[in-house]
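Heads up: the structure comes next, in structure tokens.
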Amino acid sequence: MVLAVASRNLSIGYEELDSVVWAVKNVSLEIERGSAFCLAGESGCGKSTLGSAIAGILPPHAVTKGVLLVNGKSVINGEVRDYEGVRGRRVTYIPQNPGSSLSPYLKIGGQFYHVLKSVHGLEKREAFAKARDYLRKVELNPDDVLERYPHELSGGMQQRAAIALALSTGAELLVADEPTSALDAHLRLQIVELLRKLREENGLTLIFISHDLLLASALCEKSAVMYAGRIVEIGDTRRIMEAPAHPYTRMLIGAIPRLGDKRPLRSYPGEPPRPGEEKVGCPFYDRCPSSIAKCTREKPSLVPVGDGRYVECWLYA
Amino acid sequence: MRRGVLLAGIVAAVVAAAVLAYFFVYLPSQQRGKIKVVVYAYLDRITGIDPSIEDDTGIPVIGVVYETLVRYDPATGDVVPVLAESWEHSEDGTLWTLRLRRGVVFHDGTPFNSTAVKLSIERAKGIYEKFGRGSGYIWSSVEEVEIVDEYTVNIRLSYPTRLDLMAAAIYSAYIFSPSALAKAGVDSPLDPELESWFNQGNDAGSGPYYIEYYSPESEVRLRKFEKWWGWSLVNNPDAPDVVVIKIMTDPLSQYNGLLAEEVHIASSVPRANVGDLASRGFKVLNVTLFHNYLLLFNIRRYPTNITSFRLAVIHAIPWEELVQVALRGFGRVGKGLIPHGFPGYDERLAYKYDLTLAREYLQESGVPKGTTIEFVYQGEYEENEAFAQLLKSRLAEIGITVELKPLPWIAVKDAGKAVWEDADRAPHLIISDWWPTIPSPYEFLALLHSTNTEWNWAGYNNAEFDELLDKAYELEGEDYELALQLYARAQKMVFDEGVAVNLWDEVRPFVVSSRVDLPEDALNPLYIYVIRFELVKVRD
Amino acid sequence: MPLSLSYLVKRVAWSITVIVGVVVLSYLIIILSPGDPAVKWAGHPRGPGAAKAVEQARKELGLDQPLHTQILNFLRMVFTGDLGLSIAYRQPVYDVLWRNLAATLELLLVAYAIGVPLGSFLGVFAALRRGKRVDGVLQAIGTVFANTPTFWLGLAIFMALLPSGFTAYGRVNVSLALSTGFYTITGLYLLDALLQLNFPVFVDALVRLLPPALAVAAYPVGVCLRIGRTLMADALLEEYVRAAAAWGVKRRTIVWRYAFRAALPGLVQVSGLAFAYSLVDAMVVEYVFGREGLGRLLYDAVSVNDFRLAIGLLVIVAAFYLIVNTLADIAQALIDPRVRL
Amino acid sequence: MSEVKEVLELSHAVRRAWIRSTRFKVGAALSSFVLLLAILGPLVAPYPSEGMGAVPPTAAERTGRPPSFEFPMGTDNLGRDVLSRVLMGARLALIQITTVVAASLAIGLVVGVLAAYYRGPIEVALNYLTEVFLALPAIVMALALRLALGQGFHTLLFSLILSWWPWYARASFVYARSVVEMDYVLLARLAGVPDRVVLLRHVLWNILQPVLVQAITDLGSVLLEASAINFLGLGLKPDEPDWGIIAQNGFKYITSMPWISLFPGLFILLTALGFSLLGDALREELDPRLRRRWKLWF
């Protein structure tokens, strides 16, 4: 079976003035077709970079090592990147901030037209007809939207339009980069519901990037938790939620307020390492409540802890 | 894609239409009604075309559109008939009788007759006397113009003058049609409205060409006047149908106009390019004009009030170098104050370039070395600029510093006149380029007349000189020879004192395209810049 | 999309107030600089008629009245289109100005029709190849073009044409114009020739226009290249370009429909600003190529001390600057859907 | 604190540009070359007096010589060595542009900062003034002042300064407005720090950097305008060794002695180019987005 996404020892960095800042470090990952997968972590942990790599929109000053396959095609192989025939055809993308991700100079209809013309070679009329279908799928009234500019739409409508645009490509792998972070709470749930529905209807593979594990658990079977560019825990979302293994995962989950739960929210001191800051040992040890001496000297690696879960922590080694 | 094809189709169609039109519309029309056009490049924008008032750069237009009673002939020094066929004067020279040419019509068809002559002379004289404008002073001796009959006029003078020479003047001597008054809607010929009517581009002349289009800053277009009386006399079927006087204020543009075959006659190509043009097959007519460049000394301000200082400066003028370097050969070293070939010219009045002598004079004057003097000249003329820088460098060698003050013409004049009000504000040296209105030595010498505060920029005030001049002028009508002798004495007087020297006489190379034949008698050194287009032949 | 009236009115009203300021300023220059203002306004008249002319000027300017009355009076003169007769040409100042403005405008328009698209295109091209050798070369060209003294470039073009025997002098061959019955309608010869279907004159005028237009075009080419590159480089970093790429939109579409479309308003604005600068260039180049136009008027105004013409030029040039920039602003508003009109 | 950072950043940018940017190096080389000429001009010019306008005694034999070993740039219509003229012109050129830019910068900064700091009528009035002067290109300003004040150095300088300051006023207004709206400036004002101190310490210092970089580029643009004005005869007197004047003088002889105009024009170009490159390179160093490697990736 061909995997939707497979990476081996993938590292992605950004060239700065005289150095390279690595945002993703040595990540190996497999995502099955038809599954929903969550990349979780705080901002700056590299999850968006990884998502961009999969969607094929790494900026030009990014540098890569390792291998990344999308639908079996090698898109990153060492320093070579080749997304020919991948973008929009095999993988599509829902942006984080719909306000700035839709061209302000084109009407929504026009944006559909350009996408559909490029991907499927549709003429204007066909493209508009198809656009209507997709807009209805995301529960928008096509007549309200097609002839409008993005700035004339509300945030929620913009995001739905962006989702419709992403879907209209027909690609089966959908990378959603924090699609809800710019929205209000009730809109957030609506969008998540919408994504779940669409995924089920169209049989998509969904990669959901979020800092919110709770939201992820409503959508995704599997999750990976990232910290400082590394995957620190990976496995079944529900199991992770129930019994987080890595101290960092525990911290993430502990920071989620839950209805009816009277426990005080636990917070951990300190901040994640700044980009470019390299540590000898485990990058989390200075914030970790259960660090041991080894943590400061050596980097741990992912080890299986059963149930298909892997954790990168000396506590489990 | 389809749009691209459509666009290409449209472009192709337009190009095809243009090509077809060129061959089937334009070329045949060219061969059918070919009109003869001459384009004359002229250096200055036109300051006005009122026949009685204009006394500046309007000359190439008014000199063609209007006619005078008589014309000056430089070869004989006498006048030839134009609108007046013959004339005679009484013994004492105060009553002149003119017989006018018959069958002459103005451009609007009104006939030329003694009324027009009376009106024209009285208007020029009247405007000068009332407003001080124009060159109407040439008629100042006229007491009365009396119409004897349709074609005979008596002119009564208050003192004897050479009225024939006056009537040949370059300015304010033109005859215009009385119908102009009605057209301009004025009753009095002195009404300023009449001037603005003229300056809107209207003409009321009788010359061989009339004004068709008038844009004083760019071009004036003249069209052949078929009913001109003289066509049968000049017998020139190749005369231009249309004359364009194109204002090209920059010598280089005239050169380029010639090369581009846009200009057929150029008055002022850069002197450095004349040789090049000649080698390209253009004809060059070098005309020595009665136009000279006089250096005037402010004799009311230290140190130019000291004669030996003035002589020191004069001996530092590099005469030959000036012609060679500054004028590139297009000029003649000035003698005395009066240009070559003009009545009163005296070739013996010359100074030499001699720095040793100059130093001696300087020492004699007692003016210390390092003294700074101001030098004002008209900056737009390339030759003035070159001369100024040359003189500055040479005077630096004998220890005199020159501050150059190139100014526009009008400011030059203001600076010059200031000598009468506040001599210390006026420059020490100033160049006055001068051309005469009438062919008389008086024209040049009067530049130092004490009553001529308008143009006497030296501030020279010498009763003896004034008297000689006035006497000579009045004698012109009675005893021309004696008058010339008095003028010669006056000229020598100011020359020896170093009040003013003629730096150079202008040699103007008129460059003519091979398509056009410009006979030499179409140009006249007195009527500077006027071309008698009726004599010009246009070849196909 | 209908242009909102209130926006237009506000923009135009502001421009008019600025013009009023320019007129007041020019009046102050006459009044405050050393010398008698009436003499200056009369163009330093000479001869016995001078006193009368100066008296006339004094009356025109109302110099015996208080300053604010004088200024109001002067404003009325300027805005009623009566600046008196030009000293140099003895014709109404505005008549002379309009005649010559057309010539300058024609040169400028053609120069911009060449310069702006060419510069913008090269700018886009450079931005797409940012950091490559082509980009370096194009940027160098842009910098050189934007820094070449225009009069010098005009001279160079002029000299380069000389050996070929072709001289691009003046606006049209007068003999040709006369023999084909060409007459002026708008004063823009190219347009006039087209309206009259006079192709020989059209070709002649165009051929004479191109060399000076190229000289004038150098600056807009340089500016649009540099600005176009910067704007395009910025636009290519926009989120929506990334998103469009992720959705599989073709490269060409992204470049032109997304990124270039975003750079367009900026280019319009900069072209508007540069247009005023190029007016000066056009005046200098006109002088070099012996064309009629404002440049020669400027030259003449100095040589004849024609203060009226100078003030007329000042007002015309300032008005021109403001009109072009107002138009650029309005155009910018029109092409930017986010601007609420 | 922040002012120290700004200045540091500028000097860092200069250092970085010096290391990385070819453009900066070329620009620095060109402008220091001109600076050197300005200082050494009289020492290196073969005929300094001719450079200042003196016609040599041998003028008659020397007029209009084309460039040769003896006269590398030829001689002019009065037989003067064009190389000497051009070399002596460097000093005049630098004096013109530095004076104009310094004065315009001073006026523009004051007007812009005041307009940004004080709102209401002062802001409107100052911005209005800026707009009025902005509408007048230097060349027409020069025309008016030429008629009002006569020909000379002062006319040239005034017309350039009067038409350049509004650009700085506009730029510093925009920058200063954003600084004024920053919290620490608001706090300082609320805390009763005198206006003078706030303006100088916080506002002026913070906007200096971008305006200074612009000023470096403008040195070149001012030279272009100054030479155009001189070329049209609106500025300096015709015997000054100014490049625009020399080119004007040569223009009359362009077909017979093209070298007279050619070389001064070239020096104008090189000087303007030098400053423009310096400014561009610095601006790019200060904008992090433009520093990054980039290629057409989609």
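Labels for the chains are A, B, C and D, by order of writing; each one numbers its residues from 1.
By definition in this document, a contact is a pair of C-beta atoms (placed from the backbone, for glycine too) under 8 Å apart; a residue touches a chain by one contact, two chains touch by 3 or more.
Everything numeric in this text was worked out from a predicted model, so none of it was measured.
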| said: If I average the CA coordinates per chain, which chain comes out farthest from chain C? | reply: A
| Dominant interface by contact count, named by its two chains | C-D
| message | Mean of the CA atoms for each chain, then the mean for all of them together: which chain is nearest? | response | C
| field | Whole-Å gap between the CA centroids of chain A and chain D | value | 52
| field | Centroid spacing, where centroids are CA-atom means, of chain B and chain C in whole angstrom | value | 37
| request: Quick one: report the Å distance separating chain C from chain D, using the average Cα coordinate of each chain. | output: 22
| message | Just the number, please: Cα centre separation of chain B and chain D in whole Å. | response | 45
| said: I need the residues of chain B touching at least two other chains; which ones are they? | reply: 252
| remark: Residues of chain C that touch two or more other chains sit at 162, 237, 245, 287, 299, 302, 305
| message | Touching at least two other chains at once: which residues of chain D meet that condition? | response | 233, 251, 254-255, 293-298
| remark: Each pair of chains that touches is included here, namely A-C, A-D, B-C, B-D, C-D
| message | Under the definition above, what is the set of chain B residues touching chain C in their complex? | response | 18, 21-22, 26, 29-30, 33-35, 37, 39, 45-48, 131-133, 196, 199-200, 215-219, 221, 242, 244, 246, 248-250, 252-253, 256-257, 259-262, 380, 408-411, 413-414, 417, 454
| said: Going by the contact rule set out above, which residues of chain D touch chain B in the complex? | reply: 53-57, 59-60, 63-64, 77-79, 151, 233, 237-239, 251-257
| message | Could you list, by residue number, the parts of chain C that touch chain A in their complex? | response | 237-240, 242-250, 253, 257-258, 261-262, 335-338
| task | Would you pull the chain A residues touching chain C in the complex into a rising list? | result | 55-57, 59, 87-89, 91-93, 95, 97, 100-106, 110-111, 114-115, 117-119, 149, 151, 162, 165-166, 168-169, 171, 175
| field | chain C residues touching chain D - in the complex, by the definition given at the top | value | 14, 17-19, 21-22, 25-26, 29-30, 33-35, 40, 128-132, 139, 143-144, 146-152, 155-156, 158-159, 162, 230, 233-234, 236-237, 241, 245, 251, 254, 276-277, 279-281, 283-284, 287-288, 295, 298-299, 301-302, 305-307, 310-311, 313-314, 317-318, 321-322
